[in-house]
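Chain IDs A, B, C, D, E and F follow the sequence of writing; residue 1 opens each chain.
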Amino acid sequence: MTERILIINPNSTQEITDHMSAALEAFRFPGGPQLVCETLRSGPPGIETQAHVDAATANLIEWFEQVPERKRADAAVIGCFSDPGIVALRERLTMPIFGMGASSYLTAAALGDRFGVISVVSAAVRRHKRAIRALGLTDQLAGDLAIDLSVVELSNEDAAWKRLVAVGQKLRDDCGAAVVILGCAGMARYRSRLEQNLGVAVIEPTQAATGMALTAVLARRGAAAANRRAG
Amino acid sequence: MTERILIINPNSTQEITDHMSAALEAFRFPGGPQLVCETLRSGPPGIETQAHVDAATANLIEWFEQVPERKRADAAVIGCFSDPGIVALRERLTMPIFGMGASSYLTAAALGDRFGVISVVSAAVRRHKRAIRALGLTDQLAGDLAIDLSVVELSNEDAAWKRLVAVGQKLRDDCGAAVVILGCAGMARYRSRLEQNLGVAVIEPTQAATGMALTAVLARRGAAAANRRAG
Amino acid sequence: MTERILIINPNSTQEITDHMSAALEAFRFPGGPQLVCETLRSGPPGIETQAHVDAATANLIEWFEQVPERKRADAAVIGCFSDPGIVALRERLTMPIFGMGASSYLTAAALGDRFGVISVVSAAVRRHKRAIRALGLTDQLAGDLAIDLSVVELSNEDAAWKRLVAVGQKLRDDCGAAVVILGCAGMARYRSRLEQNLGVAVIEPTQAATGMALTAVLARRGAAAANRRAG
Amino acid sequence: MTERILIINPNSTQEITDHMSAALEAFRFPGGPQLVCETLRSGPPGIETQAHVDAATANLIEWFEQVPERKRADAAVIGCFSDPGIVALRERLTMPIFGMGASSYLTAAALGDRFGVISVVSAAVRRHKRAIRALGLTDQLAGDLAIDLSVVELSNEDAAWKRLVAVGQKLRDDCGAAVVILGCAGMARYRSRLEQNLGVAVIEPTQAATGMALTAVLARRGAAAANRRAG
Amino acid sequence: MTERILIINPNSTQEITDHMSAALEAFRFPGGPQLVCETLRSGPPGIETQAHVDAATANLIEWFEQVPERKRADAAVIGCFSDPGIVALRERLTMPIFGMGASSYLTAAALGDRFGVISVVSAAVRRHKRAIRALGLTDQLAGDLAIDLSVVELSNEDAAWKRLVAVGQKLRDDCGAAVVILGCAGMARYRSRLEQNLGVAVIEPTQAATGMALTAVLARRGAAAANRRAG
Amino acid sequence: MTERILIINPNSTQEITDHMSAALEAFRFPGGPQLVCETLRSGPPGIETQAHVDAATANLIEWFEQVPERKRADAAVIGCFSDPGIVALRERLTMPIFGMGASSYLTAAALGDRFGVISVVSAAVRRHKRAIRALGLTDQLAGDLAIDLSVVELSNEDAAWKRLVAVGQKLRDDCGAAVVILGCAGMARYRSRLEQNLGVAVIEPTQAATGMALTAVLARRGAAAANRRAG
């Protein structure tokens, strides 16, 4: 029977969920765990303030309670770079749960040296620094710079691309970043192009967190297979 | 065309490479990246001292030089918990390279709170602490305790299992570990059983590092697919 | 006109609000700021899980929105040691806002050396350690030990007292704590007795946070007075 | 009977003591603790060098010894941003003792995010950084910049104000400070104006430290009152 | 012309100065810098409290002022493990100045891994921890344990030796110290014996600090010689 | 009988060994330990990459094994700022072993405040930051800047000097370095001139590490002398 990994977008914008799902296309394979991307209809259109972050917890819990099957999934990814609800869900659910922010920072640290973060808005920088400090990775943070585009401008691919390149180059050249993190789930489609442009690894948070969830699920499957073989 | 991830055991003991390969069985899937587990014949039977760790670098570099195809792999995992040669290989190769130690510590941090490490021998504890300090994760280390069995005793599954359980329980109960890391590539077959016994997540380093490599490779594949779709 | 400091108990148990108000009796003086202790009727009976912590944010915001006058207070104290909603309220309100947890840790650090924390339940220890790490005070934490009494037992003053003394002495003697923090708003009535028993300073979180709020309010008043004098 | 809090200016300049006393005007209230601001006649005109800082200890101890009543005060504030003599006094006196520097840094941390410091002279910056590092708050320091005015220029309010604004704006805009600390006891009269100009909280050290002392004293008074009520 | 290194015992006990001088016997050589051990007659018999530490600054400054020649020495060592006056002297003198405490901690860190400290009295442990934290070496501190003997008992060599061995073994075996520091200038005569008994390096503070001073002086001499050769 | 300190240049360039030996001229004295500077003929012309660093371990071990007398030396200094082989040698040899990098950083910390590093090439900066982080000294690093001259240009004394001064001044003025470290063993001949030019202490790594080795050797000699006297 196939395992399920739930990737839960805590905002109500289906388009972002679709972006996430597209970013994970290569993570689906025959016989592999199902990657189910879901939208929290009860959430706000975007998780922009700390109030949104905190409110997501109740929405996420309620969402799990509504359909008992959900609590029997094999792993979950919280689809927001601010990792809303992650501690609360861990207290209630036994499946492993991954946040996009922490997974990205820690994957960057696994890739080597100091990393930079591209934030959507300046207001997020402070939140990121708190999270990075709590993980103990402050010394590895080369810099966190915002592209400071409105959500509308973000949807203008040309404008967004120009700012991503400018900020990415600044992180690489002025701050000494050897890895760059896209600080938001909605920029997946630029990952590869930006990596080629900058010549340093670029981490996309949906993939970073889901990769960790996939690893956790496959690790268990390996054990089951081994048990069967041994039996 | 299929990507390749090289998992390179820097010691010459084929049996350990076989254990690694078995631990990764579930990470292989139709159409997925090849997971090629290789043994460094030029290495010592085991990486036990810092001299072994340092010497592994030249062996690893030579191994990559011997067959040009190897340098064209898509990612590499260094199959030893001490992450030998990782900085040197990063200076010479463009593929992403993951170490088992760092990947395990960082995966544990992604899973939540404080983690414990089960070392094979006490002498390794100091080395682990240095690595954890360099990553900035000292505050998240609940404890690092050795089972202190000889390699021969390790091959006695009953004896090894008893020590693993005793040390794991101590890490969980006395040290407050919420996650336990198996501090050696050769204990994969106990992962699942130990996780069930302890009731906390247990991380196996071959899987932790290869999961990160798999994520890196699939992330790029996703981009290629997206480019094709867009084309 | 008199300033107002709101001390908001985010749980719905009026008795705890009454304890807080009693703990602040000496902080009220003729002509001084009003200390208004309020109970969030919409909250749970106790803030026990991270889900409670996160849910408190929306309750707190709603509470401020219900009566516009509230947003015009001069300072606010969030009446729970887990500091729920503190970042979110800071994003929305211009008044200074203090959390009981952070205020207690930082007041302990101001008093001198390493501090210990008496937690109500073991489950809270991990949460405290995260908060202390985020503040940068990990090296000053001598220890965090739980009395592990049920809420019912807590209301048995004899049982509670015995455990408080035992845990406090352990923090002082075995952990080297020079200051002890009561890790919960409901233990104010033991503060003085425990301080006398242990011979080290004991910090009560309602007082620590309200003291900081009082300071912030009086500082502004001082400026107003100076302006008047100068006028 | 009324408690006494001693605010001891370790330099011999009465005018600075007067400034401190003025800064505390609002902290005096009917029935409240006496706030007694004293000048150490034996001190130098200003605490400018580390030699002055260290020498203050003996002066402070002698001052307490001269009049036994002083040692029976309820709390003490050392009226200098370098916290001279604080550890030594704690070893000899049982009353709680607060330093202006540590109290300011810790109060800033209680208010939220990263803080900036306005130093009088560049030479002080290094001393501040040492103190902040010892407290564990280095990651929360946004910046420490000096106005670099002579004591004479400082007394020219226009010149001082211009530099304070310029440095404060730089801390806020270039360094990302969300709170600004006045790094000297003699700038109290600018606090309010600067707070309004910058739109971020501005902390004045006399008030920060005395507020903590007031809290400590009132906390004990609360206990006494509770004991009387219970009696 | 021969350089001079001043080793200044800030307490008035000549016997301790004699011990220091004996500890440095091997650091004197024909043509080498003079090692002049001096006793501060104005100091207390022992530097035991923080008040003693702080008061030493003025004594040290006065001592340098009394004889102008002293200020022309080539380096100075402050002969007390608490490093009294070190910052103040650096502000006034241009020669390099070394403290016994900091030099010992940093020399231990240079020798490899985690170090333990043997304190004379428990009261000193807290002071050491502050100093180690300020240097950034907290993670390398394996433990700090006191022998807790009175000064009289200390002079009983048998009693002192027994406690030194017991505490040293505990640091090595229970705390994992790979290096042990004698936390007081008066224990030099046990260094070698203890090193042999414990089988780990034992650092004596007079030697650690004077060794650093000697290095600084010889480094300059080397330059002079090179200049002469080149000339 | 005279002790021997081995200073082992792990690269094969005799000229650099000669520079080291010249830098140590003043550290040799009648009756003092022999300072034997050796060139590892098996090494590369320069230690430039991490592969070189790691490969040095085997060369160093082999060198010690070739002549048993070498293992009986009294201390060793690894003559390269990257401290190659230091952990491995410590596992195999009982003599104290010092690295030039760690010794320089720790000596700088002993001299007082924040230090700057002058690197030869930018690529080394990252390696230094890792080493400094592992030692816990990140907060004391004022900056690390490269002169970025080729080895050929380095041998042009005029060009090298100009860059050293420019980088040193930037470290002092813009970064606030109170001490400057020459980040390479080959710049000893500039130490004194640069110190005079900058007016801050300049540390040369050969001297820093050998000074620590000398201290360790003399400390033992002192004990022997004391034992003889006592006998």
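Just so it is clear, a residue touches a chain if its C-beta (ideal position, glycine included) is under 8 Å from a C-beta of that chain, and two chains touch if they have at least 3 such contacts.
Keep in mind that what you see is a predicted model, and the values were worked out from it rather than measured.
Participant: Could you tell me the least number of steps, going only between chains that touch, from chain C to chain E?
Facilitator: Contact-graph shortest path, chain C to chain E, evaluates to 1.
Participant: Which other chains touch chain E while also touching chain F?
Facilitator: Neighbours common to chain E and chain F are B, D.
Participant: Just how far, in Å, is the C-alpha centre of chain F from the one of chain B?
Facilitator: Spacing between the chain centres: roughly 34 Å.
Participant: If you average the CA atoms of chain C and of chain D, how many Å lie between those two points?
Facilitator: That gives a centre separation of 23 Å.
Participant: Provide the list of chain D residues touching at least two other chains, using ranges where the numbers run on.
Facilitator: 87, 90, 130, 133, 136, 138-139
Participant: Chain pairs in touch?
Facilitator: Contact pairs between chains: A-B, A-C, A-D, A-F, B-C, B-E, B-F, C-D, C-E, D-E, D-F, E-F.
Participant: Quick check: in the complex, which residue numbers of chain A touch chain F?
Facilitator: 113-114, 139, 176, 178
Participant: Per the contact definition, I'd like the list of chain C residues that touch chain D in the complex.
Facilitator: For chain C paired with chain D, touching residues are 22-27, 29-32, 87, 90, 96, 98-99, 102-103, 106-107, 109-112, 135-140, 188-189, 191-193, 201, 203-204, 207-208, 210-212, 214-216, 218-227.
Participant: In their complex, what parts of chain B are in touch with chain E?
Facilitator: Checking each residue of chain B against chain E gives 125-126, 129-130, 133, 138.
Participant: Can you check the complex and tell me which residues of chain E touch chain D?
Facilitator: Residues 49-51, 53-58, 61, 84-85, 87-88, 90-92, 127, 130, 133-134, 136 of chain E touch chain D in their complex.
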